[in-house]
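In the two complexes below, chain A is the common chain; its partner is chain B in one and chain C in the other.
The block that comes next holds the complex of A and B.
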């Protein structure tokens, strides 16, 4: 069991913000922090890593205290068993893939783990290459493997996949999950992508202005329970056109436009720019495989 | 959208699907949804609930007892007809409240629907959404 309670005054874009969170994580779970930029997610990871000082709080990992401001306990970053992966890969450019991993070994640690990790992330053929000859996805696999060398208690991933295209992302997500399972890790992920959160995590914490605004199973947190329609999106009205006895409303959902038939009585309460929920039954939409 | 208030009288669950029967003013409707009492707190026998469905999904017949597969049906009287080029809108006064149907103008002429006609208003079980 991991328990993290942290308080810190942060300087945000619009003035001071008090970060105040309390999170309990079961060993072996993937937990995601989800929220807008500047909500305090990265600060939370940095405080867990010991790279940022909390004003007040405690971090307990399986009864080991990493931080307790009341008892004036604060382990140094290198004493905390964490693996950290950032969006930017932070690899040593002058070292090969394998050397990057070897460099992360602790003194006297068995080198076998390096081979094992190279195997898991399928970089065997590329292990003697330097980072400049690798693609973004390959570099991120190296960074992931390197974060695992010291067998961390917690693997922390700060938007590790946001620079990658969607195909590469999906592949990396699978590597992360494989490593997570193989080493029975506790993984803490920051992600902006709802799809990713749902695929990856057991629990999601929605962070809003330094506080937890929602928490729970990702499907429960991200779907509106208000209405039973399973084909449900929120979007913005961009156009309303009257046609015959009905109206055609164009709605921007993410980067896609959809058109919905509406009635006069519904249109009376809506104008362009309004946020709306588009809902339909799961029984109506057709699925067609692309390519 | 059409909205009918009612009370949940039965819930039959199989896997993640539930077939819910709702009593609205003595008329029974059924809706099938991908929720169970475990996933949706409003799915409780005796709960008041709203059934929501699109006007374009409403089926109209002049026959008071149509022999088709649709079980959700209620008799009503046509209150207004708004004729359009391709589509027409009917408002119908029923035992469960006022309902709106949008049908093709072709169908309106073929059925020779007029204000004051008694019609059977129908909606498929798979087209009804439930809302608290």
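The block that comes next holds the complex of A and C.
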């Protein structure tokens, strides 16, 4: 069990903001922090990592105290044993892929883990390249593997996939989930993609101006309760066209476009770019084998 | 032509550069990462030689190191060091005079590195020292090279400070820039020209090499 309670005054774009959150995470779960940029998500991760000082609060990981401002305990980042994947990857430019991972080894640690991780993220044929010769997705896989070398208890990812195209993103999500399962991790990630949150996480905390505005199962949090669909997908509206008396709404779900017929009353509040749920319960969906 | 002033010039530049390299890295590191309130004061002190007439620096060093004064007599008495009219004195003066030329590029190198690189190393459990030597310094090699070369070239071009604190003692403190002045005074234009020409060519070559290396023009030779 991980318990995190943090308070900090932050200087945000529109003046001072008090970050005040309280989060409990069960071992082995994937938890997402969701919210607008500037809501304080990155600051929360940085405080857990020890890269940013909290004004007040406590962090307990399986009864180990990392931070307790009342007792004046504050472990350095070096002592916290976390895996941290930075938004901009933060690979060491002077080292090759493999050297980046080797650098992360602790004194006396078995080097075998490095090869194992290179295999998992499928970077075997790129392991002697320097980061500057890698694509965004490849760099992100290196960063993910490097964060895992010390076998941390908690893996934190700061918007790990925001710079990638949707195809790459789907692949990386699978890598993260695979690593999460294989190493029995507790994973905390930041995302502002509803689809990603629903796919990846067990619990989502919606952060708004430094506070938790909603929390719970992602489907419950992002849908209004009265839809009880048999199956549902989340996507983004990319086009709304009026056809006689009805509207045809084109929605991007993952990498696929679907067209949905809608009534004027339904789309009144919707505009292009909105995230929506596509749900169905009246018909049996058809299954067809592809390839 | 007497080669001694040239040899002395390059010897002074080499020793000064080596000393500066080791003292500038901690200063530049501190300046790049500190949030201390006295940072502007230290930054100003480091930058002073850029704007201060060399004679001013030379004059105060001359006064300070004079055996008649506290610092000078203490150094003389306890360390056996006499810093005026000696090669050691020239080194100390040159180190102070060329300090900004070494510190500034290295400090800029540190500051231009994304802060997450150091942070990534810390969360991997690496100490600040390990991070400095394994991550930060290897990634600012161009800045280190620029610092080394600028400090070296600037020391070669020194005149005022050397003249104030070193005087003009052949083989000890008479460096090339002073020899040129001397020869012109004695109307030996051809000797002055030789010294000048050698200094001109050598500093040009050194600077050209830096721009070639840092601009990536020589990469194909070692890749």
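Methods note: the second predicted complex is superposed on the first by the 225 of 291 C-alpha atoms of A that agree within 3 Å, B and C clash if a C-alpha of one lies under 4 Å from a C-alpha of the other, contacts with A are read in each partner's own complex, and residues count from 1 in each chain.
Just so it is clear, a residue touches a chain if its C-beta (ideal position, glycine included) is under 8 Å from a C-beta of that chain, and two chains touch if they have at least 3 such contacts.
In this text, all values refer to a predicted model and were calculated from it rather than measured experimentally.
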item	value
Which of chain B and chain C A:279 touches, first, second, both or neither	first
Touched partner set for A:1, first chain B, second chain C, both or neither	neither
Partner chain(s) touched by A:103 [first = chain B, second = chain C, both, neither]	second
First (chain B), second (chain C), both or neither touched by A:261	first
Touching partner for A:65 - first (chain B), second (chain C), both, neither	neither
Chain B versus chain C as contact partner of A:73, first or second or both or neither	neither
Partner chain(s) touched by A:94 [first = chain B, second = chain C, both, neither]	second
Chain A residues touched by each partner, larger count belonging to chain B or chain C	C
Chain B versus chain C as contact partner of A:246, first or second or both or neither	first
Interface residues of chain A shared between complexes with chain B and chain C	none
In the complex, chain B residues that touch chain A	1, 31-35, 40-41, 52, 54-56, 82-89, 100, 102, 126-132
Chain A residues within the chain B interface of the complex	225-230, 244-246, 261, 263, 266, 279, 281-284
Touching residues (chain side chain C, partner chain A) in the complex	114, 116-117, 119-127, 134-135, 138-139
List of chain A residues in touch with chain C within their complex	49-51, 76-84, 86, 88, 90-94, 103-104, 106, 146, 149-150
